[in-house]
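Listed after this line are the structures, all set down as structure tokens.
The same subunit A turns up in both complexes below, where it pairs with subunit B and then with subunit C.
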Partner chain A sequence: MASIGVQDRIVFQNVSKFYGEVLGINRVNLSIPAGITSLVGPNGSGKTTLLNLMTGLLQPSQGSISVLGISPTEPGQLFRRAGYCSQFDSFPRRLTGYQFIYGFLRIHGFGHPKADELTWQSLRQVKLEEAARRKVAGYSKGMRQRVKLAQAIAHQPDILILDEPLNGLDPLARAEMISLFQQLASSGLHVVISSHILHEVDLISDQVVLLDSGYVVAEGAIRGVRDEVKEHPAQILVRCDRPSQVAARLFQEDHIVEASLHEDQRGLLIRTRDSNRFYACLNRVVLEDQVQIETVAPADEDVESVYQYLIGQNGGAA
Partner chain B sequence: MRSLIESLWSLVKEADWGLRARQASAVLRLEIKRILIGRRSLGVLLFSLFPAFVAFLTLIFSPAGSFEGLGGPPVVFAVLFRTVYLRLIIFFGCVLLFTNLFRGELLEGTLHYYFLTPMPRWCLAVGKFAAGVLAAFATFATTAGVTFLFLHANSGTDYLDRFLWNGPGLGHLSSYALVTLMAVIGYGAVFLLVGVTIRNPIIPAVLIYLWESLNLFLPVALKQISVIYYLESLCPVPIPQSAITILADPAPTWLSIPGLVGLTALLLWGAATRLRTAEIRYGGD
Partner chain C sequence: MAVYKRKFSPYQGERTPPWSRWLIIPRYAYAKVFASRITTAFFVACFVWPLICAAVIYIRYNVSFLETFGLQLGDFKGVLAINARFFLNFLYIQGFLSFLLTILVGPGLVSADLSHNALPLYLCRPFSRTEYILGKMLVLLILLSAITWAPGLLLIGLQTSLAGLGWLSEHPLVAPALLVGSAIWIVTLSLLSLAISAWVRWKPVAAAALFGVFFILPGMGQIINVTLEVDFGDIFNIIMVFFTIWAWLFQVSFRGDLTLVEAWLALSGFCGLCLLILNRKLQAYEVVS
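Presenting the complex of A and B:
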């Protein structure tokens, strides 16, 4: 666990948040590096609480938080480097999309020319230029989501925190947003996303934090998290020319739990308790039996599977 | 007290005052729009226009010089200003405008946008307070000024001309404007603090109103623990007092103005301190 004060990470040290007697999150320890990190968990698991604590909108009941070495109680420093697109869906009344972003950029301290330039730049990034002069109150849900995102990225932060940013977007807009997040992350940004759309989270995440009932169930790169789930054997799909023969050979190994043939007779699904030993064994089979392998790919090394294994039974719908 | 001194010292040490001034003025620009287009502001404007409307009716329908028997227009206006403007219109106008500077945004669910900017929360409090003062002062000073002119015009335009340009008229107007400004900053700071600390500001507003109203009948020492005592001390024309009123010498100007400014600073510091640890929980509000 990194200590508080780490300059390039978001660090939670033993953080708890209670709303009266209701638990928000409990004894959370996290150290989030650069890249895209997804917070995943069912409703009420504490995702939004975690993000609001990170940005100082909530105060922890105990523990300490540091965002790139800055305490969330110091907004004067924190929001020079951070942008937060929250889940709150209200906007100041009677403002146009342009005025909404421009007005808050002026509060950042930018002069008119710079604020104007950054406003148009962020509106371009979320493809909202044409609606810029319309009142936000008249925007669709998707447009409101995009103007919030534009406001969060307008000052070019080093860390972008997004609470359910894909909500209300149509599939095309989602794809565009995901591409934008990847582009931002590739330029060195920390992007922290809370989302319940697991397959889309899976496409973009470098690491995940799984939450359930206010507790962190698992965190890290998805493969590492998957490897920690010992009670669910890893599933690996092998496409080859002689799947029956491979299955017969593999069954002699004690770590193989199951091997089922694919319907088209050109592949098999293996369930193993030790994927490293499986890969070594498969290499042997290929060399000794001259089997032609087409593909070998993990079948459950994704956020959705890990979510189902760790939370799914108890957590209900994500 | 030690905490206050430490807070002020850390504030003074902060280097970039230019940035803070730009941020507070950006808040002011956004807030002025929000305040002026709000329904509450329209209500406050109509409320404060009522005496002007009555004065206009007396100008049209009452015979010229009808206030002479009441001590003349300056005394009539002085009574009206102290009893209606200070004790009702400005007081309740400030309740409406200033308690809602933060509470209104909590109810609308928009306060978090300010909390997510690189601005200390004291700076937000100052920007919002300045916007409230500007809007309230513009409203009350204008309507009180119009009422002043209508009432004095009742004695004839020659009288008004002489009173304004060759008499004490402009001095009176300036003094009333100053009292209005001091009332707005004093009551404004009180109700800004109430708005950020107490969920339902109506009860404290009523309690403060009772205290300010009882001021006439309080012993001198207690009178001094109120805003109205210092405001009335700044008024240029004395008014007749009833037999049950406990009289007290007015506070000197050198005490009233710095006293009200000091009280305002203290209350703003209290509001800023409360805001520093404030949370955004719209559902809970």
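Presenting the complex of A and C:
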């Protein structure tokens, strides 16, 4: 399992997890590279199961998992390189923010001076230095999420596994957290996030894994995933000076399903079964009719649309 | 896809040995335990009886000195013989006090972590469930040792220093009996309180359940004895089980219905059941299906 190819990836090979007769995830094959990867799916789709399998907190019913070449059955090695942040407010009682992080660093095996240094470093990263001596029980929701993140990054892991880290945060706190994830990913970490907040997932993810009812419905960069959804015509927004003329020309093409003009008469929304042919055709129209194009942008090349196409309407694909 | 360049190198320095990491758990637990004035006051009160015993031993060997003050203590020597029975009585009282201390401290050890879903936080480190349980047990093991065998051995030391080494050779089993008897009592109490704490998850109910195991379960055992006209109901009487074992360890007579084998089997059963509960309840992740 630990070949060169998997030394820098999180790999699931035909992994299934059953809780008695209840399906957690089924026959999952994944290969997750560095960067930010988001797990997206409705409640009960298997996101948390997947994260717990990744961290070795759950054992698979079948299949094998390798996290940067390490099996999750070797927690001693794995947890030196992985940081985990659960979705629950998991705090041993009566601890201050500093004690919370420092204590777990000591359990990690850091001596006092190093643990102290890393504790302050992680608290600085999540901007909780000033609240370090206050009890975690008195923190706001946003501060609790940040201190949870601090304990996950304090031991300088290579992989950061975050279960619903944006839950319950106000927009400002969410923006701060997202910025922190991007900062961590840019320093070379694997950041794996599960989230329901699709438009924010869209902003930060290098790739997504769409889950439904325990099955991986789609995996990869969001544009690639969207291209694979053939049954839903691609939606493309064109802003130009003569939208009705463009619409008339485009309607001559058999792959164009729909073209609707904007109320301001400065744009149109195209639905096409073949976006490559559409772009070629649009180039011709621009050259032949001298149309002034302002913008051309895909309107449904985002996580939310793909989620809607693959999970929202059909209830998932097996 | 973005290309990320690694800009940091993880810590490569020396780490503390794995066996020492579970010692971190008691450190914070004691801070919490002694934050309660009631627990602290009770813990201090647990040393009153050892001090009284020390005074008795001292007086036992200094009667003539006290008589110079006009006190008539002529029969004192005969009434209070310092022997195996004396230290068994010491263990009875300190054992009861350690039970009360366990009710104060034990139920909150695991239940707080479970009710706050904090277990994954411990177990997503290079740290096993066994180490977690050992760390939590250590909290009770140290506290209870401090009020049972530790003062008991000091008393034996005091007695030996006053009576001479001859006393120790006349009572060779007292020190090992006190040590082993206390140890099995402490381990059983710790396991039982952790298991109940893991099962019930609510501190007051866990404390009540621990009380019930010692005082209601024996009643059920008696009901079994009476209704079924048998005598094996006594195996549910954990106090009787310990009295039987302690009496054997100290080599003193004890009138109980349990045989020594039955007592050891019952004790093994109790401890096995506790380990089973801990194994089942202390899971890294709870799945609600």
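Note that in this section the second predicted complex is superposed on the first by the 308 of 318 C-alpha atoms of A that agree within 3 Å, B and C clash if a C-alpha of one lies under 4 Å from a C-alpha of the other, contacts with A are read in each partner's own complex, and residues count from 1 in each chain.
Note that a residue touches a chain if its C-beta (ideal position, glycine included) is under 8 Å from a C-beta of that chain, and two chains touch if they have at least 3 such contacts.
A quick note: this is a predicted structure, and the numbers were derived from the prediction, not measured.
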item: When subunit B and subunit C are modelled together on subunit A, clash or fit; value: clash
item: Subunit B versus subunit C as contact partner of A:35, first or second or both or neither; value: second
item: Subunit B versus subunit C, judged by how many residues of subunit A each one touches; value: C
item: First, second, both or neither for A:103, with subunit B first and subunit C second; value: both
item: Partner chain in contact with A:207 - subunit B first, subunit C second, else both or neither; value: second
item: Which of subunit B and subunit C A:188 touches, first, second, both or neither; value: second
item: Partner chain(s) touched by A:73 [first = subunit B, second = subunit C, both, neither]; value: first
item: First, second, both or neither for A:52, with subunit B first and subunit C second; value: both
item: Partner chain(s) touched by A:156 [first = subunit B, second = subunit C, both, neither]; value: second
item: First, second, both or neither for A:86, with subunit B first and subunit C second; value: both
item: Partner chain in contact with A:272 - subunit B first, subunit C second, else both or neither; value: neither
item: Against subunit C, colliding segment of subunit B, chosen among 1-9, 163-171 or 253-261; value: 163-171
item: On subunit A, positions contacted by subunit B and by subunit C; value: 19, 52, 55, 57-58, 75-77, 79-80, 84, 86, 88-94, 103-104, 106-109, 151
item: Residue ranges of subunit A in contact with subunit B within the complex; value: 19, 52, 55-59, 73, 75-80, 83-84, 86, 88-94, 103-104, 106-109, 151
item: Subunit B - residues contacting subunit A, complex; value: 19, 22-23, 26-27, 29-30, 33-34, 37, 108-110, 112-121, 276-277, 279-282, 284
item: Contacting residues of subunit C [partner subunit A, same complex]; value: 1-2, 4-8, 10-11, 13-18, 21-22, 24-25, 27-28, 31-32, 35, 112-113, 116-128, 284-285, 287, 289
item: Touching residues on subunit A, where the partner in the complex is subunit C; value: 19-20, 22, 24, 33-35, 52, 55, 57-58, 75-77, 79-82, 84, 86, 88-95, 99, 103-104, 106-111, 114, 118, 151, 155-158, 185-189, 206-207, 221
